[in-house]
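Here it is: the structure, laid out below.
To keep things simple, chains are lettered A, B, C and D as they appear, and every chain counts its residues starting from 1.
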Amino acid sequence: MPSLLEIAEHNTHDDCWVVIHGKAYDVTGFLDEHPGGSAIIMKFAGKDATKKFDPIHPPDTLDKFLSPECYMGEVEDEAEEEEEEELTEEELARAEMVTRKPSLDAIYNLTDFEHVARHTMDPTAWAYYSSGSDDEITMRENRNAYQRIFFRPRIMVDVSKIDMSTTMLGCKTSVPFYITATALGKLGHPDGETVLTRAAGKEGVIQMIPTLASCAFDEIVDAADGTQTQWFQLYVNADRAVCRKLVEHAEARGVRGLFITVDAPQLGRREKDMRSKHFEETTDVQQEEEEEEKIDRLQGAARAISSFIDTSLSWKDVAWFRSITKMPILLKGVQSVDDALLAAEHGCDGIVLSNHGGRQLEFAPSAIEILTEVMPALRARGVDTNKFQVYVDGGVRRGSDIIKAICLGAKGVGLGRLFLYAMSTYGEQGVRKAINILQDEIEMNMRLLGVTSIAQLSEKYVDVLGLKNGRGVPEDYLFREVYQPMALPRFKSKL
Amino acid sequence: MPSLLEIAEHNTHDDCWVVIHGKAYDVTGFLDEHPGGSAIIMKFAGKDATKKFDPIHPPDTLDKFLSPECYMGEVEDEAEEEEEEELTEEELARAEMVTRKPSLDAIYNLTDFEHVARHTMDPTAWAYYSSGSDDEITMRENRNAYQRIFFRPRIMVDVSKIDMSTTMLGCKTSVPFYITATALGKLGHPDGETVLTRAAGKEGVIQMIPTLASCAFDEIVDAADGTQTQWFQLYVNADRAVCRKLVEHAEARGVRGLFITVDAPQLGRREKDMRSKHFEETTDVQQEEEEEEKIDRLQGAARAISSFIDTSLSWKDVAWFRSITKMPILLKGVQSVDDALLAAEHGCDGIVLSNHGGRQLEFAPSAIEILTEVMPALRARGVDTNKFQVYVDGGVRRGSDIIKAICLGAKGVGLGRLFLYAMSTYGEQGVRKAINILQDEIEMNMRLLGVTSIAQLSEKYVDVLGLKNGRGVPEDYLFREVYQPMALPRFKSKL
Amino acid sequence: MPSLLEIAEHNTHDDCWVVIHGKAYDVTGFLDEHPGGSAIIMKFAGKDATKKFDPIHPPDTLDKFLSPECYMGEVEDEAEEEEEEELTEEELARAEMVTRKPSLDAIYNLTDFEHVARHTMDPTAWAYYSSGSDDEITMRENRNAYQRIFFRPRIMVDVSKIDMSTTMLGCKTSVPFYITATALGKLGHPDGETVLTRAAGKEGVIQMIPTLASCAFDEIVDAADGTQTQWFQLYVNADRAVCRKLVEHAEARGVRGLFITVDAPQLGRREKDMRSKHFEETTDVQQEEEEEEKIDRLQGAARAISSFIDTSLSWKDVAWFRSITKMPILLKGVQSVDDALLAAEHGCDGIVLSNHGGRQLEFAPSAIEILTEVMPALRARGVDTNKFQVYVDGGVRRGSDIIKAICLGAKGVGLGRLFLYAMSTYGEQGVRKAINILQDEIEMNMRLLGVTSIAQLSEKYVDVLGLKNGRGVPEDYLFREVYQPMALPRFKSKL
Amino acid sequence: MPSLLEIAEHNTHDDCWVVIHGKAYDVTGFLDEHPGGSAIIMKFAGKDATKKFDPIHPPDTLDKFLSPECYMGEVEDEAEEEEEEELTEEELARAEMVTRKPSLDAIYNLTDFEHVARHTMDPTAWAYYSSGSDDEITMRENRNAYQRIFFRPRIMVDVSKIDMSTTMLGCKTSVPFYITATALGKLGHPDGETVLTRAAGKEGVIQMIPTLASCAFDEIVDAADGTQTQWFQLYVNADRAVCRKLVEHAEARGVRGLFITVDAPQLGRREKDMRSKHFEETTDVQQEEEEEEKIDRLQGAARAISSFIDTSLSWKDVAWFRSITKMPILLKGVQSVDDALLAAEHGCDGIVLSNHGGRQLEFAPSAIEILTEVMPALRARGVDTNKFQVYVDGGVRRGSDIIKAICLGAKGVGLGRLFLYAMSTYGEQGVRKAINILQDEIEMNMRLLGVTSIAQLSEKYVDVLGLKNGRGVPEDYLFREVYQPMALPRFKSKL
């Protein structure tokens, strides 16, 4: 039973202890293996790191990654009441906004949730959720692309009854969209991904469970109501044994689809996130080191979850996955016609056209644009697109977006960030409201479009002329900010 | 003769009375049938609802919808002088703007009326008139589309005399535009739609009477000068007997054209309107309910008029309408070539290409763009477009817009909102001035274009290259507002 | 010799005298004939109107339009020292800006002149010069169109010597541009158009003399240096005898080209100008009339010069002009391929592609865009474009614009407004500096383009791909201003 | 040994001495030959000019351009402590920003350097570095063009190892980009171009040495580490003997490539630079001359380096260069397909597609756009593009830009300005960090694109549809600033 005083002495790179949930660990040997880098651990060397640890790590993390001998015992003395840190002006302002949060009744669309989130969430969490890579051009293009598609509505159709239920990977679902996998749910809500699970269950929506959840996988499955459909998103670990364990366990727990992420051999540079992290980590640094050779590569929360991803994943691995599971296997993050065809050839059960919400390769095309190329190519190759199913995600925040994607051939449409915002601001009620809003929008749009079922939606209802040709010039915020506009002559000074 | 005190006790969902124009009604049985929802009635349960009732309902509403036994007698006591509500700061500011309203002489174009309206109208009325569905992209595209059409002017033509008169559905009219049907005129002016009638009569302009007028149909017909042309816009009621009565009555009263609205099986989500309504209805709620299952579906003034529209209307109904009236029958709200051709096949006398002013299906195309597809298709099919007439509305606010539509084949062009703004700000004089401005603009533009009569206008005078290709990326105000732009490094704080 | 007191009594519509330059005139009979309308005269009924009269009317106006018996004699009493009018805050601010005017050294391009003009000119004059018709979309498109043309520069060419001199209508000129005709020069400078004449003479630039100059025609010719080239722009008067006199006189005085304006059978609605005028004329009106039938048609300074233009001008008139002059005859204001061909067929010596600086038909195409259609069409028709010469104006403010137009086939390029701004701000020196800046820009651009003479410029040096396709969506300022953007939910009020 | 007092008397155009580094020179005879004009020298007539002289001139300038008899001896008296000039408010604000400069750790991309530079650099230096010609449309199009190219990423590729090294002109280099030649490095850093040399050496990056460096050529070569590759950019002097000496010396010192600038027979008008210069030079002018004939042609720092460039350079000169050196010869500033083909025909070893960073011909196309035309044309002509190498520069500031250019056929990509900003703000560490950022970005993007070596990059990875078609309308800042938007009616004044 080490005392806090003792622990505090283990605060160097060569001898580093931390306290998590009242237990002391010697993490010296783990420092260099930590996916998030050693710097963030060193900040808590000899101290209690629980508060920072919790939202980023599932509860079973320590058992998984530290050998038993690292455990140094329970902390002897009662953890002192954490000294109330004095809040900065910014923090006070945000705290006030939280008290003034609009009632859920005042929310009319999914963007409203984002608005509330932006003004009430913890800035680090907001930065992690909201950021995209580089100049966020792909992230914004994802949204923008949907806005360039117009409808070709039909009239004089009996639209008394609208049925928006459909089937994805053989499972019935009440709506043509699903909650896609996103990491670190506890950054937004103390209950993490289980909030999404419960809302999804009540509304009949499919949820995709992320590898990098902050809840443990089993917690998320346990939160399900027993009948609801869950899928599993997999980051492939270089250690295939770990992979296999994850996949087999998911299948055993009743998961109905395996989505292998293929667009993230390295996590993208998300500068908002990096800046947010930088700001936080450097505020109490007394003295800036300026060693000649020091090259700072702090890369924010994103970097914290990247190391366990196998950069050597390739087509030959598909067969192996097929050998270890009977779940449908889909590749998540396909971004080109050629890879869509290859996925079909390699016997995948489908693909998700996705650029990872604009968080990975900047200037990746939007999923909806690629969809208009992929579907004809698959059909031309004779692929049965009811069996080899195509999903899309990225940029979706209106019922009309979902209908457009379905018209263009998608089996279903994933939303991630927007559900996170709903969860972070109003919890389970928020997520359900978000689902209900989409349902309302879809119902209304189907009716006004002159269709009554998902199966009727087809390319003839959309005008995609502007999709390819109308991208426009992406707004380059950094350049705009830094560019000094031409000036006109100054009038002389007043005398 | 119930007293106010007695009435006040009937203030629950199971026993609800309201007072309208000094008469008490038991509306308990009607609560769930009310097109505008029960919530808005409950707000006045046991109280006088006249002020809220009047601008939304024609005077004959109560007789039509309540059975005689609901009438509980005249209110016994003199209605007390309504307590002067204290005005909010916003209301005071608006009241001041009303006193500072520019003189009518200072109005030079139709947008000027909108400007005055925006700053002087009651916010609920403004929200109802000005709103469109979802992100209002279609509403703005309606305007935008006209701006992408350029002229091909001719010179050296004797343009001493310009004749802009024309014929619509066989009726002479002094101008190539008409006042189209819009609901709830009393929100903008106490005399409602009759203001438009009188102005239209004096200026020789055709008016289309709306089903959902706040004046009674007969009031509007009575306000006409006896020689002027009126048309009737019909929302088809599920009860065809009601429909038949309306149509036969219109024909009997001399109406010269029947325009069946086909783009509104459900009324669009107009968020500005919903927010405005929400704000108003919730200000005096003491305590917010947060019941788990409560899903708020307040949908503003728009929702208030939607329930009586038949969602099952379909092509087979055309023959029935033909059987009950000799008036020309036109479908209002056609939005595709296919439906234009079907309308001709089903023996309609014409169509109005319209997306309901951008208030229904978001991402519906603009009427003017569809017009460029519809006219060639009709001609290719051998349809005589002098008999099967094509009208357009939506986005029109300049004489040049009207000329463009006529050049592209429209028989006439409808304006709705802009006349409402003229009416709401300057009454009959305003509407006449709006008409005169359009006349001036049309005359000047015809002269500068080198044409002297409406019949001369043709496709050779317009360049539509930019119409299809130049939509650009619609401004997404919500996303722009909520998106946090990329940031540059912060300079350190001052010490 | 009437006294001021006597004169002051003649201040009604039926008996109206005014004083101009110390002479009294009875203008009662002229009120209704006044091109600028009677209202503006009535404002000075019984008073001295000299100050308002001068900048708009050439000195010989009164002799031309009033019969001798209208002259009532010199004013008896010494004109009193005009009471110093108290300046408004706006006027004081402008007066201060005049004192702070940047030195001419600080001017680096033609837009700089406009900047100084905007902040120092009399607002009425500024409104008249700067305004365009309707929403000024064509006026801005004129500028915009040049910006969409890129160069295809060549290298490794000996560009030691650049010769930018050329020939227009057989006259040598030092530069490929000319000063085009613009009305009412005295609004900007007390010496009016003669300022332009003197600068043009010194710099070897051709000037086109406007019909509606504020200087008398002979004053402008007299200001020339004897060797410089002047052209004459003609508004065709319905009275052909007047026309003939003007043309014959011009030819007699040595004018070398006749440019007949064909794009202005009616003057455009220029709302900025109208609003400016309205504001000025109504400030001291005590009491607004609100007669029912009154329809205000005040149309600013533009209207003031419109009535004498013949709306019946047509192709048959070309032969007549040919019969009365040996000067080359060009049509100014051609805006289509068809009319360019017709002009050639009718034996004109050339055309000016122009939309009147965006002051006439809104949505007229830019001259530079039409040029790309007209030149190939003329060549295809076998027209010798060295004999039938094509000029352009509108939107030009950089040397590169001029080079682009020459590359695309123009013989010369007219600039109007920008020279007015240079004149209004720095007089003759300003105009010369403007010319020098253009020369500098042209020289540099020719050198960097790899050409050494005007004759070498051809289509191969320009990339016009974006010209037709890239118009974009014109900014609609009024709509933007009046449109209320979508809103996000409000946070609750602070308590 | 002249005294300061004596020297001060030589302060006229006919007798002008200046002091540089404690030595007096009689520059009377040189005044009219000074490339930067005589005005700037006259400002220091009879005074010490060292401070102004240093950042613009290499140390060996005086020896090169002044004959020995101009040297008037060392200054006798100790240079007095320069009187501390009082700082303006603007200067004080900038000085404060310098103290608050973000730490290098806070820099995440190359634009961040520009941001810091803009707020901390001397305004004259900033103006010189940051400015482009005319309205800077080409300068901004350079950036913009890259933003219109999207990727076509591939997945399921083993990307464990990324190799971004490549070969340029036969020399190995660690990265596919190089530091291109830019003038006047000492404006940004007291050590000038040697800062770039040292950083380039440490990071394995090629540097192109500019003719117009502020360091002497030999200083820059001496600063290299002996193994690193340097190229030489040549402005061709009219005096070919001077040229020959420069080239032979460069080759003798081990330079591995000769880049002849061909896009600058005259230096462009860079108005920001001119205005900055104007402002500086006129602040202490007592009295503005307003002589009639004076035409101001001050052209900023840019003009200061332009006179020694031969405007007669042409294709016949290529053979001569070939005769005097064995270095590979490349033309820098090619901007068209035709000239690319001619360069190959004339036996050049390559070209740099470049518009000089948007500092020369306004409306020159972007290099990246021309690249898409040049490569197919070269291949069609049978040119081996491994031998005849194509480089690009202009607008590059992200790793993704570099990858796009390589995909489209470039052998390497030059960056100039951005390295200057890194150098001006953080010196050698800054330049190295800039290089490291680009490396990080390139590595990440290659991995996410599914490629592992530079050789794999090809056109199939990019979507250039928007490049040609999507230019949009360039923002015209001056016009936007000066254009007075349409106005709506004013509400009446408050009473």
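Operating definition for what follows: contacts are C-beta pairs under 8 Å (C-beta built on N, C-alpha and C of every residue); 3 or more make two chains touch, one makes a residue touch a chain.
None of the values given here were measured: they were computed from a predicted structure.
Colleague: Rotating chain A so that its CA atoms sit on those of chain D: what angle is that, to a multiple of 5 degrees?
Modeller: 90
Colleague: From the centre of chain A, which chain's CA centre is farthest?
Modeller: If we average the C-alpha coordinates per chain, C ends up farthest from chain A.
Colleague: Where chain C and chain D touch, do the two copies share over half of their residue numbers, giving same, or under half, giving different?
Modeller: Different, since most residue numbers here occur in only one copy.
Colleague: When the centre of a chain is set as the mean of its C-alpha atoms, what distance in Å lies between chain C and chain D?
Modeller: Taking the average C-alpha coordinate of chain C and of chain D, the gap between them is 42 Å.
Colleague: Centre to centre, by mean C-alpha position, how many angstrom separate chain A and chain C?
Modeller: Each chain reduced to its C-alpha mean, chain A and chain C end up 60 Å apart.
Colleague: Two or more other chains in contact with one residue: find those residues in chain D.
Modeller: Residues 103, 106, 108, 111-112, 115, 135, 271, 275, 469, 471-472, 478, 481-482, 488-490.
Colleague: Touching chain A in the complex: which residues of chain D?
Modeller: For this pair, the touching residues of chain D are 103-106, 108-109, 111-112, 114-115, 118, 130, 135-136, 140, 143-144, 147-160, 271-272, 275, 279, 397-398, 400, 404, 429, 432-433, 436, 440-441, 443-445, 447-449, 463, 465-466, 469-472, 477-478, 481-482.
Colleague: Looking at the complex, which residues from chain A come into contact with chain C?
Modeller: 96-97, 100-103, 106-108, 111-112, 115-116, 119, 488-494
Colleague: So in the complex, which bits of chain C are touching chain B?
Modeller: 134-135, 137, 141, 262-266, 268-269, 271, 274-275, 278, 282, 288, 290, 292, 295-298, 311-315, 317-318, 331, 333-336, 338-339, 342, 355, 360-365, 468-469, 471-474, 476, 478-479, 481-490
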